[in-house]
Amino acid sequence: MTEIIPKNTLLEVRNLKVHFPVLTGIFRRKNDFIRAVDDVSFKVDRGSTVGLVGESGSGKTTIGRSLVKLAPVTEGSILYENEDITQMSTKSFFPYRKKIQMIFQDPYNSLNPRLTVYQIISEPLEIHFIEWDKTRKRKRVEELLQKVGLESKHIDRYPHEFSGGQRQRIGIARALAVEPEFIICDEPVSSLDVSVQAQIINLLQDLQEELALTYLFIAHDLAVIEHISDYVLVMTKGKIVEQATAESIYQSPQNNYTKSLLAAVPHLSTK
Amino acid sequence: MIPFIFRRLFTLVPLLFGITLLVFFLMSLAPGDFLTPIKQQRDISEEYIIELEKQFGLDKPLYQQYFLWLKSVLTLDFGYSWTYKVPVTELLGNRILATFLLSFTSITFAWVIAIPMGVLAAIYQNSIFDRLSASLAYAALSIPEFFLAIVAIYVAAQTGWFPIGGFTSIDYEFMSKSSRLIDIVSHLILPTIVIGIGSIASIMRIMRANFIDAIRAEFVITARAKGVQEGIIMFKHVLRNAINPLISSFGFALSALLSGSLLVEIVMNYPGLGQLIYQSLLREDQFVVLAAIMMSCTLLVIGNLIADIILAWSDPRIRFERDT
Amino acid sequence: MHGLIHESGLSEILKMKQNILKQLLNRPLGFTCIIILAIFYLCAIFAPFIAPYTTSEQNLKKSYHPPTGIIWKEGRLHVKIYKNIDPTAAKYEYSFGNSVPIHFFAKGYPYKFLGLIPSDRHLFQVDRDNKIYLLGSDSTGRDTFSRLVYGSRISLSIGLIAISITMIMGFIVGGLSGYYGGKLDFFTMRIVEFLMAIPGLYLLLALRSALAPYFDSAQMFFLIVIILASIGWAGTARIIRGMSLSIRSRQFVLAAESMGQSSIIILFKHILPNLTSYLLVAATLSIPGYILGEAALSFLGLGIQEPSASWGLMLSQAQNMKVFMLNFWWLLTPGLAIFITVIAFNVLGDILRDIIDPKMKA
Amino acid sequence: MLLLYSTLQIFKKGKWALYLLPVLWLYLASCSKPPIRHFIQRAIPEDSHIISHNPGKRGGILIQSEAGELATLNPLVASDASSSSAIGLLLSSLTSYDWVKSEVIPGLAKSWDVSEDQKTFTFHLRKGVFWSDGEPFSADDIIFSYQCYYDDRFPNRTKFFLTIDGKPCKIKKIDDYTVNIISPEVYAPFLSFVAGISILPKHKLKNAYKEGTLLKEWSISTAKNNPEKIVSLGPFVLHSYRPGERIVYARNPNYYAIDRGGTRLPYIDYIIDKMVSDMNAMTVVFAQGQTDTETIRPGDVAWVKRSAQTHDFKIIDRGPSSSRTFIWFNMNPGNNSDGKPYVDPHKSKWFNNKTFRQAISHGINRKGIVEGVLFGRGVPQHSSVSVANKKWHNPNVKRYDFNTKKARDLLIGAGFYYNDRNELFDSDNNRISFKLQTNKENDTRTEMATIFKENMHMLGIEVILQFIDFNTLVVKISDTFDYDASLLGLTSGTGEPASGMDVYSSGGRMHMWYPQQKTPATNWEARIDELMQLQLTTLDIEQRREYYFEVQEIMAEQQPFIHLVTPNLYSGIKNKWQNVNAPSLGGLIWNIDEIWSLKK
């Protein structure tokens, strides 16, 4: 249905391959590879949300990580605003670290337990806005806390004093701190209670509208994807087996794997 | 499993190479050499010393000395002991066996004492016995081995119940077969106890923890539910499961003891590998030191290997990992 | 960078430590251990004040003197005076009624209090012509008690210094190789495995004999520390590498990385603070190893040298047969001192682990 | 029950096989039997050596301990005390030494003549002497032995004794029982050196000699695996050897000595040498009654005596020993390879100052050392020859009594001065401070060093002690010369002045304060050189004593060696042993072939 207009493309992934070597034999040679991501191509439009769905181990997290150089790219290219960022040096990639942010799956694990909320959220500010003084950073952090639905009095607390949902809000605040364009949400709700999941998804949607963000939303749960995505990529065993708009995927899934994923989604009956 | 064993043994090669190189280098840093003490003897002419230097290859540059040695090692010739004037291999044989024997008796001693104690401490958890044995274990872990060895010698000297040091008695050569056996055993008693005491403490603690874990296991509850006698549960089910992980520690204990008995061997004058290395090092008897250290490293690696194999054997759930 | 650590890690660590200390003091066993260690370390720090004599003050007429008895007489403590009745066998006899008073806070040999303030006051002294030997004397009539007190300076500090070096080296090497991985990791881990595969005591001996000629006996202390630390760091580095590897894959590190944080800061801000509790426990549990290591080296005559005193050296001197047979109690004192220190550290370490472990699991 | 069960558990699993291995080995080890040796006993030789002692009874085992490890039984290789003493039991020499009378006595040679020019010695060998394997002994063995020692293929230390003034002795066989040895120069100690040269069996070693493998013969490998290959001409034969544990010797049935009653010597059936780790352990095993005889250090006498009754032994006080301990300063003026002087020039100036050395000597509390370190069992030493060496000791040398005031006066007189904190300075305002090194293995020396440090403190001199490995020390005093002062000791064997050549003569290797001088550095050193040469080339004892006494006087005046103390010598021996005749020098049992036991 939708013809993607090139001008509008924020991110384009072409024939991406990420292979991890396996050491075997007496001399532990690199004889074999795990093809975590195997020849994947897709595009993300500015302002849209692309859902990336697949069971665990399908390679979706690897794709997310390879976009911010947390995973090594074996082959293929990643273009951000038509700029090839695949082989960029750490230094020239640095500005993109401000534009692209990540939200992690496990809010218990993604926040350093030894740091306060202020320290956690201000960390990206310290990196990308070195010139800011402490009061300015503090003000910004307080602002962000309010934006994600927390109170500014929480600023000097430690992560273990918060619930899972609240922690994920801190994670989101951290991602928003440097005013990014593009956020990779790596299963941000999968370890949360269902009721909390909805709150977080709503928060993300609100923020997208307010701040004109682009999301790559990774999940193993089609129900979540359905709610938030404009366009859906279905992945299994390192390959994208089906990609289409959210609507068409749900109405007429082509691929058998997609069908089986859909079958597993609990649907509330409309009756 | 075979590739695993091979790989482990293969790692020995760079290890031995590195260690011998290191030891060789360190020994060459120390001033003087094997012949230095001879230089202080008044009736030895300088020409004689130069002749000896030539004979021992000490006049060659260091790296040449090392490679000459390496070359002969590759042909399984470990060189000559400068002190004893015999091939090093001949010297090592008895020493290794003596050290091995001592390690073995002390492990056995430790197990025989520690396992029942650990079991009792677990069964009567938090009782006076448990507390007492725990404090004894702490004490045993904290006594320096050599201190214990001195005390043991003192006791032997005061009471005369045990021979002081050595491996056999003076009149060993004139004994009958059976009294020879008794003689060796009586010489082993004190060093065995001294070395064993440290391990008793740690084995006991492990055993106690294992046993407590096993008591809580489901099969115990099931057995209780079926009305099996408590004693039978403990012995038949719990003990067997608790003891398994310990068997695997056998290899580790062995390798630890091989390097750990050095001080005790010195203090108690036990003719083992450790004593030989120590004395040869002091005398700068290079080839003996090199070969003996190679030997003890090999034993260490083999001990660890045995530990891994026994572990896999006694617990089928453990496979040989691909990445270790 | 310093600011960062200060801001993030340190206050948290301090807070944690206070908490741990509180919990420690609440347990009777932990309390006892801390008190014992505190007494020992205070003795070491105030050694010149507590020891009535220096380590080298001799009295050739009083060799192998037995411990002097103390009696209550004329309203104050007196020390018994003994007569040497057989110099060839070091036999001393107390003749009844012969005693001199002990003076507390009296003048003795001059020293610098805490290494700064000149002073000549000592905890206790007797008149110049007589001697007080709480634990007897050695072959040249030196006071065993004074030597034990001074010896504690070496034996007790060696563990602390060596452990700090080990921990720092272990953290830097282990932390970096765990964090960066790849070739650096491969090489450092091979080195570490190599060091761990060598039987420690032999390496110690080889190192000692190689380095000894380049140090005189005054520097021997540093040599021992260097030797002990250079062997000890390998094990620590390996464990820290494992831990930093696991922390490294935790998402907060990924998060910091994805936002472009530099690796050094990640190491100090995210990884180090999460290792501190482990480091604390590990340090406490490995100090005994260093104390015993020094004792073993000195015992073999390869460590601290006369006329300095250390517990290991005193033990090795006690192994001398004439001491052994005539004055066996003399041997027990340094042995007992080592034993008590080691057991206190072991118990303390175990309790610390008990306190910290559940928190780390959370 | 528990114990049984847990053992059973292990056995049930089939892992018991592991337990079998060491048990098996234990069993095998205990089975290895010493080889049984069959001797061909020959008749008593017609020229047998007849011992004048009271005849004793056959039988008994003498047990000794040994701190060193046997290195070899080959006299060409031996360079350590343990090996030499073992070889001494197995092999004999042309002459022997009577330690009580301090004179050379007949050995394999029943008598000898000296030519007019005092250079040619004719030895008359005993007839009818056989090696332990039954082969006859003759002049050929003597010629063969000297051939071996002189052969360039086999570097050995014996050659050193046989080389006089750089020239070898000539040896000639006159007949089967007569040999001539011609010394190149008149050489005073010739006969006593001959006593130390072991005669080798030609019939056993001639092949090895031809093939050039002589140095590999009679190693400890031979001793361990084929003791029967080592034949003997001495009182004992090698019975068995276990490295690190013990050597067992058995009576040589063909020994050439008999007692007055015609009984063939030795009386003792077996000697067992037990190897122990150190001197400490040697003393302990003796005190426990495990060994029959031992040298007891002064400090140990008191406690060892306690068990004298229980184990039926006595401790013999043999008076001052031959060992002496001394301190010397590095007076070497040379430069090292970097062109730097071995010793700081300002220090070297003190060390080369006679008055400085004398003052130091006055400052040492020798009596205190005897009291503290030696439990009063020793004497202060003044001469460079021990009191024990009655034949050669000069009792009238200059003495340096402990006198701090005199020492300080001497120093002030020599231009040194004290500051208000009682610290000594030289006229160039250098603080007098030096390092004293000694080997850490010897605790008597380290104790003496700590006393010396305290003594020097009273003189306002700072001494920094360095206790180092013996090897390091040797390298420093004989190679790199980078030290200030040293404390060491020397022991002399027979006390023969000739053995002091390398200490006293300025070119000697053991001339420690400044060794191997090309020409004597001082007049007094030149005079000593002269005197030492003179005593070496005369056979007149009185003349030699005169020369040697003067050497001692110069040494005492100049104090290049500052002697400390001589400990007394104590030997313990079980009361059952008879014919024990303690000499003032050397080992207690020097006459092992004459010793016998009351009890079996």
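By letter and in written order, the chains are A, B, C and D; residue numbering begins at 1 in each of them.
Quick note on the criterion: contacts are C-beta pairs under 8 Å (C-beta built on N, C-alpha and C of every residue); 3 or more make two chains touch, one makes a residue touch a chain.
Bear in mind that the values here come from a model prediction, so they are computed numbers and not experimental data.
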**Message:** If I count C-beta pairs in contact for every pair of chains, which pair wins?
**Reply:** B-D
**Message:** Closest chain to the protein's overall Cα mean, using per-chain Cα means, please.
**Reply:** B
**Message:** Farthest chain from subunit C, going by the mean of C-alpha atoms per chain?
**Reply:** A
**Prompt:** Between subunit C and subunit D, what is the gap in Å from one C-alpha centre to the other?
**Reply:** 43
**Prompt:** Rounded to the nearest whole Å, what is the centre-to-centre distance of subunit A and subunit B, using the mean of the C-alpha atoms as each centre?
**Reply:** 55
**Asked** With chain centres defined as C-alpha means, what is the inter-centre distance between subunit B and subunit C in Å?
**Response** 27
**CA centroid of subunit B to CA centroid of subunit D, Å** = 37
**Request:** List, in ascending order, every residue of subunit B touching at least 2 other chains.
**Result:** 30-31, 157, 266, 282
**Where subunit C touches two or more other chains, by residue** = 209, 212-213, 319, 325
**Asked** For subunit A, what residues touch not just one other chain but two or more?
**Response** none
**Interfacial residue positions of subunit D with respect to subunit B in the complex** = 2-3, 5-7, 9-10, 15, 19, 22, 25-27, 29-31, 34, 61, 63, 69, 71-72, 77, 79, 155-157, 159-161, 163, 219-221, 224, 239-240, 242-246, 248, 272, 274, 276-277, 281, 284-285, 288, 290-291, 469-472, 474-476, 478-479, 499, 502-503, 509-510
**Fill in**
In the complex, the residues of subunit C that touch subunit A are 4, 7-9, 12, 250-252, 254-261, 269-270, 273-274, 362
**subunit D-touching residues of subunit C, taken from the complex the two chains share** = 56-58, 60-61, 63, 86-90, 139-141, 209, 212-213, 216-218, 301, 305-307, 317, 319-322, 325-326
**Item:** Interface residues, subunit C side, partner subunit B - complex
**Value:** 190, 193-194, 197-203, 205-207, 209-213, 288, 292, 295-296, 299-300, 315, 318-319, 324-325, 328, 331, 335, 338-339, 342-343, 346-347
**Request:** Enumerate the contact residues on subunit A facing subunit C in the complex.
**Result:** 65, 68, 70, 94, 97-98, 100-102, 104-106, 109-115, 119-120, 123-124, 126-128, 160, 171, 174, 178
